[in-house]
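Labels run A, B, C, D, E and F following the written order; every chain starts at residue 1.
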Amino acid sequence: MYFHVQQLINPIVQDEPDPAAANALQEGLGGQFGEMRTMIQYLFQSINFRGASAKPYRDLIQGIGTEEISHVELIGTTIARLLDGSPSYSGKKGDPVDEPGAGGAVPLQIALDEGNIHHYLVGAQGALPVDAAGNPWSGSYVYNSGNLVLDLLYNLMLESTGRLQKCRLYEMTANKTARSTISYLIVRDQAHENGYAKALETLGVNWRTALPIPKTNAERFPEVKRLVDLGLQSKQYTFDLTAESEAGRIFQGASPSNDGTDLDASEQAPDGVPSEIAPERPEEFSPGADAELRKLIEAAAALELADIDMTFGALK
Amino acid sequence: MYFHVQQLINPIVQDEPDPAAANALQEGLGGQFGEMRTMIQYLFQSINFRGASAKPYRDLIQGIGTEEISHVELIGTTIARLLDGSPSYSGKKGDPVDEPGAGGAVPLQIALDEGNIHHYLVGAQGALPVDAAGNPWSGSYVYNSGNLVLDLLYNLMLESTGRLQKCRLYEMTANKTARSTISYLIVRDQAHENGYAKALETLGVNWRTALPIPKTNAERFPEVKRLVDLGLQSKQYTFDLTAESEAGRIFQGASPSNDGTDLDASEQAPDGVPSEIAPERPEEFSPGADAELRKLIEAAAALELADIDMTFGALK
Amino acid sequence: MYFHVQQLINPIVQDEPDPAAANALQEGLGGQFGEMRTMIQYLFQSINFRGASAKPYRDLIQGIGTEEISHVELIGTTIARLLDGSPSYSGKKGDPVDEPGAGGAVPLQIALDEGNIHHYLVGAQGALPVDAAGNPWSGSYVYNSGNLVLDLLYNLMLESTGRLQKCRLYEMTANKTARSTISYLIVRDQAHENGYAKALETLGVNWRTALPIPKTNAERFPEVKRLVDLGLQSKQYTFDLTAESEAGRIFQGASPSNDGTDLDASEQAPDGVPSEIAPERPEEFSPGADAELRKLIEAAAALELADIDMTFGALK
Amino acid sequence: MYFHVQQLINPIVQDEPDPAAANALQEGLGGQFGEMRTMIQYLFQSINFRGASAKPYRDLIQGIGTEEISHVELIGTTIARLLDGSPSYSGKKGDPVDEPGAGGAVPLQIALDEGNIHHYLVGAQGALPVDAAGNPWSGSYVYNSGNLVLDLLYNLMLESTGRLQKCRLYEMTANKTARSTISYLIVRDQAHENGYAKALETLGVNWRTALPIPKTNAERFPEVKRLVDLGLQSKQYTFDLTAESEAGRIFQGASPSNDGTDLDASEQAPDGVPSEIAPERPEEFSPGADAELRKLIEAAAALELADIDMTFGALK
Amino acid sequence: MYFHVQQLINPIVQDEPDPAAANALQEGLGGQFGEMRTMIQYLFQSINFRGASAKPYRDLIQGIGTEEISHVELIGTTIARLLDGSPSYSGKKGDPVDEPGAGGAVPLQIALDEGNIHHYLVGAQGALPVDAAGNPWSGSYVYNSGNLVLDLLYNLMLESTGRLQKCRLYEMTANKTARSTISYLIVRDQAHENGYAKALETLGVNWRTALPIPKTNAERFPEVKRLVDLGLQSKQYTFDLTAESEAGRIFQGASPSNDGTDLDASEQAPDGVPSEIAPERPEEFSPGADAELRKLIEAAAALELADIDMTFGALK
Amino acid sequence: MYFHVQQLINPIVQDEPDPAAANALQEGLGGQFGEMRTMIQYLFQSINFRGASAKPYRDLIQGIGTEEISHVELIGTTIARLLDGSPSYSGKKGDPVDEPGAGGAVPLQIALDEGNIHHYLVGAQGALPVDAAGNPWSGSYVYNSGNLVLDLLYNLMLESTGRLQKCRLYEMTANKTARSTISYLIVRDQAHENGYAKALETLGVNWRTALPIPKTNAERFPEVKRLVDLGLQSKQYTFDLTAESEAGRIFQGASPSNDGTDLDASEQAPDGVPSEIAPERPEEFSPGADAELRKLIEAAAALELADIDMTFGALK
């Protein structure tokens, strides 16, 4: 069973809207090696896992999989922020906020020039479940052979490829909003790669000097370096509410990446940051309330809220 | 940010394996109107939501969306149980457990006769992210127009269609494992339908006698009746760890389905049941450990587990 | 602009329901060489046609394209009739009409055994826009190069392949409902092939003995022979309301298939047969009316119908 | 059975070619909520409809569905006109009309810069069955649950979403060719929305102030206002040749959109405008006739046209 | 540049037709981890390879890739043989060879009962570019990151998964035609896995006891054991006509699978066996020659054949 | 069985990188009418061919099919060269070769502006198995009805459409690298069209003045004229190592295109040109070797190469 807290797993740095960067980031969200892929793949691997004696491996996959849901939330929100307000950003406005299209204005003209037109036409300047070339995410991406070593090997390759792509993304844009999330995910992909590599180490592989794969030397990117200095590439959280995860049996000892750190699984979750609801965008008719509807919304929001029994059985 | 607890949201009744029923249930997991769809759709709608004054609507969608992750877990596990051991169930065995294919045996012959061959060939008798006709789940299913009324209307239709399909599924199989999950999801879909219908009610629609849509009268199904008698169709949990959800501002008052109950959002989450790891299946090479590998797995599982700091900031 | 008349283009012979045959016929509806393909392809070729001096070629394509809409209607209705009531046909009923699933009955069990489960689960025993292997129809099928000779050559190949597949379909089932529509479409595909072959003849090709392609000798099939004896393979209707079609400039003279007939474009349309609305199916919740809803439907159906001005400008 | 008349359902205003606008309009043609979708969806819903007592609902869907074929024709032609001649429009020509590519000229260079390269490479500056992001139309879009209330609810949502997207399209381009068709379709989508909303009203829903959904206030767009002033949002034609449609039993009374008008189904069809064949484009080899071929085409076009028997049985 | 010789890379054992086994084998041909995948993936990796100093790695990939074309040919032919004549095998004939469908016979009825109906309807009892669940092969399967270590790691995982699936296929059917090709491909996949594992060994990984991945112990299958005893799992051919391949610099030394053998790259290619053309199948209209056409075919086949200059430059 | 030689089938002219042209050429590689399509289609038609008496037709298809593999290699390499180094070409560099992204540089910014972002993000400035609009290649493209005349007719149309699209591509770019390969493929498509047209001629069709289809008069393009003057449009190679091909029985006599030449099948293969490995691109991490890894690669490349037995049985 899953729970939610209204916090983002990492802060997003503020910068100008940038729809081209937003579209590039879609690869990290809905691409074949993006966060939706890892989220769904690890969820299926956890559900279908076989062999009670291998529980620590299941728990490792499940913990990383739970983190990936928060990564989908993080990169989705980042894309939405990069898109939000981009009509005005493009300098082709006509005051979109006030009177969308009134008298024949063209507030959304930017949609024809930048990235994916669906960001403005199908969605309302928000993230989409597609990759940077516009392909919808597909269930055919998910790999779950049921063979433990193969699944771990695939997961290692998946995290490594995700990191490679994010390093390339970093080189495509200097937008700070984009880079803050790209850099965080580079380091977290590295942590997951370390986890799967360590698991394979327990099953007979000696990586010697091979890790990390690939050797992108991402510490050259200042935002990445800051996070590596904090050791985030060697930490794994459980995201487990009742301390039943045994992932820490695997995620310990010297990092297989040979960076001199030890793997550390002693924290339940990172401190998050409060998430915020995006502003209205009249030119997208989102949420699309006229005066009358706004009054109804506000009336509903003013209704009394009953007390909620927070003593969930398993947490008692 | 998301958290997990090693519990299923509802118990699964034990019965014989039944790969044809397993395949039918794939529609409820990976179909256009299945649980993966609702999970991802509500996640995107929550991320891209606009308008702070409409927070209770966002929280309603987000809470239902969090529940859907647990539904994916539940129906995926149900499918896996229906498949597990089906080679032996088919009476065409040759002792699959012991010596898969040794001397030319054909322990997986059932794969050619029933449901989706990928259940045995690509997966290891586990759930797949596809529908009952074998189509992979697609990101193109997700609807998120950004217009509040339209998104709510779509969600209502989505839950109603999901329930319609599950009522048809109920009529396709008498297997108790399948029916226990089908029946639970019928009732929960009804609760979600009530939530979206109530939200539209606050925005100006009067449903009068129209709900539920469709009128399947599923109380004729004994397993459904039991849950309806418990009132599960009128409850919505928050799955929110820090009591910030305002969904209860909407999910209250007389049920729009006119069944005489009041909507109730006063519980954080249902009591779950412990989840279990599935047994090994040698004929699928899953997890695929020979004696040597088994020893390595057991050695890893015996490693010491460090203490985990469970005092997650937001929960303190 | 398009108009409709509540008639089927050809009668459908009555026989037992047969879901396996229904599924096979889906290829003729939603397959790569089925009627949806020809309908959409010719519609696009008509819209995008270039060169006013070549109007007779455009009109030939447009007239055949209009006929294809009626073919979609015909084969779709045939599939629906083959499915309708198949739960009872399978002998696994429990009185589906009366009490779907009441007390735990399994009236739709047949869905797990025959053809495409979506016929019972996603649709309500009706036709789907998919092929016989369950692939959804795709816009990528449509061919419209804009080059006149190439488009005609493709259309010839398309009709020939459609006829080849329908001859194979004929060999797969003895069901009379299926065969009455298969046979009609074999002969109409032949007529369309003759039309495109004749058009290419005017542009320089001499087919000599090559036609028909392929030489399936479908006259061996009794139902086909009856229609060939009526000369339907050498007729083309205009389906044009205002006699502006010039297709007849091409569709005339000796048939390129060398069967001794002359091509004839002197009729606007065949005589149709009245179409009928399918009966209710309670086990599918279709249309899904309980007593109260039925009363509302009947009340609406009893409302007065205003006079309709049938003097459409272009027809005056 | 279907018929055609060589007329467009609405005039298209003349303006400069604009390939970016053409590509945006593809969403309205081949997108998930475009005209191909409504055309095919309503065709399938009509074919598979169950329940003779509900005939007025079937006839409403069928009549709107027939109109959608004409909408496909209209928006397809609009896209073709926006593309036609765009090589010259881009100022990168070299006289495309005369000598395509002779001596190494680059008349189609614009294809690399604007919209969808397939418009110039796969088609010949004509419409394609794809959406604005290049995804081919898919049969998986079609919704036809067979449950009357659900199908009507879906259709309402579909028309509403189509209208929302067209309002966004209006805001993306000031091209008059594009806007004339966009505006017409906004108003017709509104009429269809009113039809489905009224049908649901007869089945128990009271929309009160909720309609139209969404409240885009498109009357701010001058071209839309002109059509609304003519009342086109409250009219529905039957497109039925023999006056058998009973759609008018539903489409009557006060508009559910509360705009003070009454719904009116008393006309068979709007007056159309003659459609025209597009000019040749040598740089696309379309139709691609050299001198010799041109002579053959003209010879064929000069053949005598036999009289056509226009006394179609059902129309007598 | 590529050349062909009219020989199969391995003999196919004769057995009864078996359409269900044929369909299962489609996974090995057109599945995500089948031979089309490896063929195209290695072709792209060879074309896009970077770094002249790493030529032996490119040559290893290119040589294996060339072998995969022959594997596509082998498994495709195997599937075609398993299908060929299956109408008669099913006992539902009516003499298909003689008079397909004459007088209303149903020679292809088996198509409705077994495997993939497209084998009889779209193809003529031949192989299709789809997987065992009917999904068409997709270019989205191809992995080519451009990073050498990642590409090698992926290729290792790909071969391992291919072998896992083929071991499962072996367990699904006892048909000797199917098993002869399955067994050969299991052993060749093992050889390719060894090649990629060795390449990674040169780049820093020590596999210790981890290989082979997975440990399926396929030597339990008698047909596999025979080939392993011949050492085929430790050989790699160059398929290179001019001895420029440097793959042997990598494919040498002790096998990373620790089976006591040494890797051996000293042969250009295995001895093949002559390939044969399949017989005619009248019930499929394939090749579809009536008497007249047959005469034309024979006349063409009797034309004189000019001498061919076999002194290809590079081979001189 | 297939063999390879490390040569390209035609030289590629050197010019500036041009990512927009590279993307356009993807249609010729991975498009519905591109070289992957012909390669795979002819491979399947050869494998599934029926009728030993028609061997010359099989051999014609197989020989052309083998050539298509070399065409995939040629156009893939051309695309890779057009992409290679384009970051620097765009003038937005920061010395990509030396320090990718160091200190926050943006060496890959061009990826957001030109063609397909996947060229830089998923691949490493190399060819992809997709078309010019980014759609992945699909097995559903492959046509293989099994009927000889239909398959030949389809192949003729396929080559003709491929040539039409390449003529349009020629008109889209003046880049010499792109045009050298486009022009070569235009002429080779013409040769293949001649082959299939001749085969249909032997089966009863008289093309008279119809060929070539379409009449693009590509001799107006200087690079094409040069190759036509060499007669390459009337030659077909066997690519057969043991002189068993009988394609020459068909590919002889006057060209069906009536250009005054005779068809000539007397050569085994054209002289190729040596192929070269592309340079490293640090900003793509391809091959991605740091100092340590580079040393390992060089050590492997320095290993001794065993003698290879080049006396392949069938060639002895």
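Just so it is clear, a residue touches a chain if its C-beta (ideal position, glycine included) is under 8 Å from a C-beta of that chain, and two chains touch if they have at least 3 such contacts.
Not measured: the values here are computed from a predicted model.
Trainee: Across the interfaces C-D and B-D, which one involves more C-beta pairs in contact?
Mentor: Most C-beta pairs in contact, of the two: C-D.
Trainee: Please pick, from C-E, C-F or E-F, the pair whose interface repeats that of A-D, with more than half of the contact pairs identical by residue number.
Mentor: Comparing residue numbers across C-E, C-F or E-F, the repeat of A-D turns out to be C-E.
Trainee: Since chain E and chain F are copies that touch, just let me know if over half of their interface numbering is common to both, same, or not, different.
Mentor: Looking at both copies, the contact residues mostly coincide.
Trainee: With chain centres taken as the means of their Cα atoms, state the distance from chain A to chain F in Å.
Mentor: Computed from C-alpha means, the inter-chain centre distance equals 39 Å.
Trainee: State, to the nearest whole Å, the distance from the C-alpha centre of chain A to the C-alpha centre of chain B.
Mentor: Result: the chain centres lie 22 Å from each other.
Trainee: Which residues of chain A are in contact with two or more other chains?
Mentor: Answer for chain A, listing residues that touch two or more other chains: 32, 122, 130, 134-136, 138, 140, 145, 147, 149-150, 164, 203-204, 209, 214-215, 284-285, 288-289, 293.
Trainee: Counting only chain pairs that touch, give me the topology of the graph as line, ring, star, complete or other.
Mentor: other
Trainee: Looking at the whole structure, which two-chain pairs count as touching?
Mentor: A-B, A-D, A-E, A-F, B-C, B-D, B-E, C-D, C-E, C-F, D-F, E-F
Trainee: Would you pull the chain E residues touching chain B in the complex into a rising list?
Mentor: 20-21, 23-24, 27, 31-32, 115, 132-135, 164-165, 167-174, 179, 209, 214-217, 220-223
Trainee: Along chain C, where are the residues that touch chain F in the complex?
Mentor: Residue positions touching the partner: 32, 135, 138, 140, 145, 147, 149-150, 153-154, 156-157, 160-161, 164, 200, 203-210, 213-214.
Trainee: Touching chain D in the complex: which residues of chain A?
Mentor: So the residues of chain A touching chain D come out as 99-109, 111-113, 116-118, 120-122, 130, 134, 136, 283-285, 288-290, 292-293.
Trainee: Looking at the complex, which residues from chain A come into contact with chain B?
Mentor: For this pair, the touching residues of chain A are 1-9, 30, 36, 40, 43-44, 47-58, 62-63, 66, 69-70, 72-73, 76-77, 80, 122-130, 136-140, 142, 144-150, 199, 202-204, 238-246, 248-250, 252, 265-269, 271-272, 276-281, 284-289, 293-294, 296-315.
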